[in-house]
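Two complexes are shown next, each including chain A; its partner changes from chain B in the first to chain C in the second.
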Partner chain A sequence: MSIEYRVSSFEEYRGGRREASKLKTQNSKLVRKKDIGSVLHQWSKDYTIFVPCNEGDTAFTVHGSRLTVYGLWDGSDINLDWYRNTVTPPKANFLPPLEEMFRFQKGKEGHSMELPFEPGVWSLESGVPLPQLIFGIRPCDARALSLLDLIFTDAYQDPYYLPRREGAVLVGLVCLNPYDSCFCTSLGIGPGESDDVDLLLTDIGDEFLIEEISDKGKRLMELTAGLKDATEDDTARANEAKEKAYGRVTRKINTEGIKDRLLSAFEDEHYWEKVAAKCIACGICTFLCPTCYCFDISDEMVKKQGARFRCWDSCAFALYTKMPMENPREEKWQRVRQKVCHKFEFYPMTFDVIACTGCGRCIRLCPVNWDITQTLRLLD
Partner chain B sequence: MTASDIIEKHRFLAQSNVYLPHIMVIEKIIDETPSVRTFHFNFKDEKLRDEFTFESGQFGEYSVFGVGEAPFCISSSPTRRDHLEFALQRVGKVTNALHRLGVGAEIGFRGPYGNGFPLDLLQGKNLVFVGGGIGLAPLRSLIWNVLDNRDKYGDIQIIYGARSPADLCFKYDLDAWGDDKTVDVITTVDRQESRVQSPVSRVEAGNSRLQSQESRVGAGDSRLQTADSRLLREGFVPQILGQVAPSAQNAIAIVCGPPIMIRFTFPVLEKLGFTPEQMITTLEKRMKCGIGKCGRCNIGNIYVCRDGPVFSYAQIKGFISSEY
Partner chain C sequence: MNSDHKMQQKLRHEAKALLEQDKVDLIIGFEAGSLKFTTTPLITKSKDDLDRLVINPFIVNNLALFLPDFKGRIAVASKGCDSRSIVSLIQDNKVSRDDLVIIGIPCPGMIELRKVEKLTGKDRDELDDIIREGDKVVITVDGKGSEFPIAEVLSDNCLACEFPTPQDYDILLGEPTATSQESRVKSRESRVKGQGSRVQSHGEGGGLQSEASPDSRLQTLKAMSPQQRWEFWRKEFSRCIRCYACRNICPSCFCKRCFVEESEPRWLMPMPRWQENLMFQAIRNIHLAGRCTDCGGCERSCPVNIPLRCLTKEMYDLVDELFHFKAGMDKDAPPLMTHYEQEEAEDLIR
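The block that comes next holds the complex of A and B.
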């Protein structure tokens, strides 16, 4: 009865990826910021383009800023000087908050089912399905997608997530102005580097330096006109900017032996009750976490037609695990323990990688200022 | 990857879409207790009837279209293939909807999922089955599987309990196993009917063959004889297990029941000399996807749906006290 995983570790998974696309960072290009619109225009022939934007002119604000999401590019020039990171993580583009899985209807011959139009692929108005290009993704969020891949390729292939993911291109943007809630450098991720994107852009004033990270990114660059070759001076300026960005990530956690420390604290009810005390179990940290993937499956039916859909779910809710006779995680502290241990203990046990990217969303967007770094510091 | 590659990829995945259920037809319904029913069902597509294979202990996701999906084990044996069976208690939205269905109704089914019982490990061993309530359903699949290959296994002991005589499931199986001279069946109830009269069991009175014998022998006696001189004991399953005291020598215990019974059964088995590797259980958790994606059925880093539902006690004992 041994447990067999299709993917035995994150390193193995990424090793395969690296092998397939030997890193070629020396070949860098330059694009003027005001020309980004025309570059996106070229790419939009082959891709549906998503860019960071503020959702409408809504009065809804989160901690003083408007709700930032990845929205469909409307074809206009874009300026990302204001942009730090989105509120909704990019997982929403691959595992939508709500998605129709299939439709069914009851006829004279019994039940029949049909898939919705081309699930897994975003379609333009012309009806031609195109893969996604996500512009401006941060290194932490790109890593999060690689972590989600482990779950959705493991054992059974997810027929909705994977087609979206495999076609997609990620254009990363070096994170020069991280939030004070960010702690990515403690988790082996840096604001200035990424193996998980296809192209990586660095803001060097009036221009972006573009580095080719993967084969997919290289092919995309070959098809793109209007770019200059970067000089050594440009590369030096980019490196300087990246160095500074590392210094701006000041929050740290101690990840050494965290798996074992959490394992020995697993039965320490006092510790978990203490760290869970102020949590109000609203679930926002899990909805906005770029590596949380739990979902619920439900049916809706009107007359003789209906659909089965899936939507995000959260381990913060007691109903999540409720069974008729009992509930293994009835208490709030048990659910907080599940959330922390899933990322820092169970994921490392299974895939040998921590399922946290240090993006800091769960800290800066928590309504009661619950802080994962504080929780883990208590274990030191 | 170009757009046409993606369409191709999508077609491939749509054909083997793990979330698309097969349409099944209910062929027969058996009332086990007032709240438990067994459904005999079969694939609507006759080709799939022959292609479908499963192992004892595996489960499926059953759906009533428009209401939802829920996981239940396949309670029939893979050695008896003219139809499939599953049994369920009426407790929630989906199970209530299933109980309202009649013969000929269509349900959705996807599976089989999970690992099933390790038959190669059980061969040549003495088997002790410990079941409680509807927990007999997955054991029943294995018991019939074992009995259909009787010469491959050693002694077989079945200890099964329910809350009251009316709550005993699969009475026809208990009778059949009792008639089998190579099997030792011990049946127990938490309380005899005459002491605690629940409204449910009163309705059921007279339906149960075992219970109808009870008044003849008399209440108050903790060991009651049924007509065919089989014992119907009184006491919780772990207690009775301790009294019966099966030998751990070359034996494997297979335990399934409500979590509270499982929790109290393991220490008794340990006292009898069973090692954690000699105890096998099949667990139940809330599930949605059944394939290790939706996240809720974990015990530690183990997903009950994908890594289980069959586990040895050795695999789960680190987590079982607090999370199960």
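The block that comes next holds the complex of A and C.
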């Protein structure tokens, strides 16, 4: 069976979408930071709103560092001055860590399948309805969702991911204080990239400048009361802030010809063994990567009732490609190679785009500081 | 010149000599990480790499973890807890003492970055500098330095550490870390009484007493009703994403195939639901009885801040209380859970 690729490249795919949705002339508005709550109130009539919030920082735990995740907005005023980026990427809002696919039962006539819920409902437990609005998504994570779209619309149309994605509104927030682990500017984007969001906010002091990026964003703005028009001066201040933020991303990788360099290094066992030596083969860098999408499917049956689930899986795990006869990636170095090559070689071969947005989570959260930028630098 | 720097010089020198004299094939130590205030394991056969070896208050990983991965003779830099993990691996026949050269680091305790972040309200990469000076630490933010007692930023497991100096070594890089027998006894007594122990910091100044209790969280948990505790862990384990970093960073989790990966029979589903997440951690913890050396790696590596040490430390204390056993102290002793002695209390089985 040959697989027919619907999409030949990221540019083509995105170009088509952008033409359909991108605005010819862009409008900008202003909202005072203290009025964000009232704006969210207006939006909450049509959307389930997710905002960056802190979890796991109770007086009980010694761990004081922020554990930032996208959580359901509780209706209160929000202040995002502290916010940098989340630990869990927003892919979790579209490809949840755990998802029920369908249920089945065993009767006299064999198994029968049923779907007692709408696919693409946000989560099993909360059952939050569509559509969702993600407030404060960073440009790197928004780009990551565009990259995930490729895989979930390519060989098949994923009936769980796509309804969530199609209904969702992404309200981006320019990243003025990138981490030292960030390297987005090497991947063709930057802290102020607007291509993948519907609205883009820039912090210009007491106010946010809101840029309308897509049709969806424009419609949302038309329904929003209490905004001022932005002046040229406001726009200039926002542009200056973006440029400054761009300069604060100091970590770099060389992406030129990276696909070919990885191709020629593929058989270099010595290189891969060396770079993989300290990797502990846990799932942090893949689970928390905004562009990793692998999942595992399990059936669970109690008496005669059962359900099929899918949950995140990771190529770092030894079990990942284990089959009855063999495991083509028995060794840790083969699995590390898979992770690197998938992002920087195979994705470019299939879609002509690198499946990394430089968000830096894999470096920042790695328990042994395994750094993909160092691994790639060895190939320069 | 501080003692870390002296030890670092000596480590580089000793490691070079070991390779040059063909006494080992591989060196495992730490080098500077790619991010501020981090280190990363350095695993090398080349003596050209050895000038990158470092010793500083951020060498947190337990390097015993890597020993079963490599064949041949290995020299490994080892803190107190690492050395106990190595001994524990020897007890379990995972590595052979004859293949190892243990380069002991008398450990003054590791700085917990999450505590520094809490103290300053800044993220790690927003800090200019963290400098340890004996029993003080100077943290510089935006060019302004503030001084704190070192005990405020040391890892909980380091504050509770009974054996900061390696228990078994071939080379010791400095003077054994000062911890008086008295303070150890005191900490034991207070634990038995169910109160927070008085902590001794292991700084160069030595003998610093702090009011901070490394096990206060454990005491809070113990004071809860079973229902409250259940609710607490339900909430904590709802966050778990089952990345298995806690297991993979742990030298005592040496199974080639973890029970959670078995499918016939299937002990646990792979789905990250809180019940299964909690069950996974509970079973892992039981497997660690008599093996866990309280290095703190599991909690430190957890990306979603689950206070895992509250479970492992309780097991550590129980093993001590019920069997008078401390992991990784005697390489010739049989592993705790494979061995039975007649005088063992029968009231264990109730």
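As a working rule, the second predicted complex is superposed on the first by the 349 of 380 C-alpha atoms of A that agree within 3 Å, B and C clash if a C-alpha of one lies under 4 Å from a C-alpha of the other, contacts with A are read in each partner's own complex, and residues count from 1 in each chain.
Following the convention adopted for this analysis, a residue touches a chain if its C-beta (ideal position, glycine included) is under 8 Å from a C-beta of that chain, and two chains touch if they have at least 3 such contacts.
The model shown is predicted, which means the values in this text are computed figures rather than measured ones.
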| item | value |
| --- | --- |
| Superposition on chain A - do chain B and chain C clash or fit | fit |
| Partner chain in contact with A:G283 - chain B first, chain C second, else both or neither | second |
| Between chain B and chain C, more extensive residue contact with chain A | B |
| First (chain B), second (chain C), both or neither touched by A:M113 | first |
| Partner chain in contact with A:D296 - chain B first, chain C second, else both or neither | both |
| Touching partner for A:Y70 - first (chain B), second (chain C), both, neither | neither |
| Touched partner set for A:F104, first chain B, second chain C, both or neither | first |
| First (chain B), second (chain C), both or neither touched by A:F94 | neither |
| First (chain B), second (chain C), both or neither touched by A:F135 | neither |
| Which of chain B and chain C A:G306 touches, first, second, both or neither | first |
| Vertex chain A angle, Cα centres of chain C and chain B, expressed to the nearest 10 degrees | 90 |
| Closest Cα approach, chain C to chain B, once both complexes are overlaid on chain A (Å) | 6 |
| Footprint overlap on chain A, comparing chain B with chain C | 296, 298, 300, 313 |
| Touching residues (chain side chain A, partner chain C) in the complex | 55-57, 60-67, 84, 87-88, 97-98, 179-181, 277-278, 280-284, 287-288, 296, 298, 300, 309, 311-314, 317-319, 363-365, 367-371, 373-374 |
| Residue ranges of chain B in contact with chain A within the complex | 1-3, 5-7, 9-10, 13-14, 16-21, 23, 44, 63, 65-69, 89, 91-92, 106, 108, 115, 118, 121, 258-260, 284-286, 288-289, 291-296, 298-302, 306-307, 310-312, 315, 319, 321-324 |
| Contact footprint of chain A on chain C as seen in their complex | 33-36, 38-43, 61, 65-66, 69, 112-115, 117-119, 123-125, 156, 217, 220, 232, 236, 239, 241-245, 247-249, 257, 261, 269-273, 297, 299-301, 303-307 |
| Residue ranges of chain A touching chain B (in the complex, touch as defined) | 1, 3, 46, 101-102, 104, 106, 110-111, 113, 115, 118-121, 128-131, 151-152, 154-160, 162-163, 166-167, 216, 266-267, 293-301, 306, 308, 310, 313, 315, 320-326, 328-329, 334, 338, 341-342, 345-347, 349-350 |
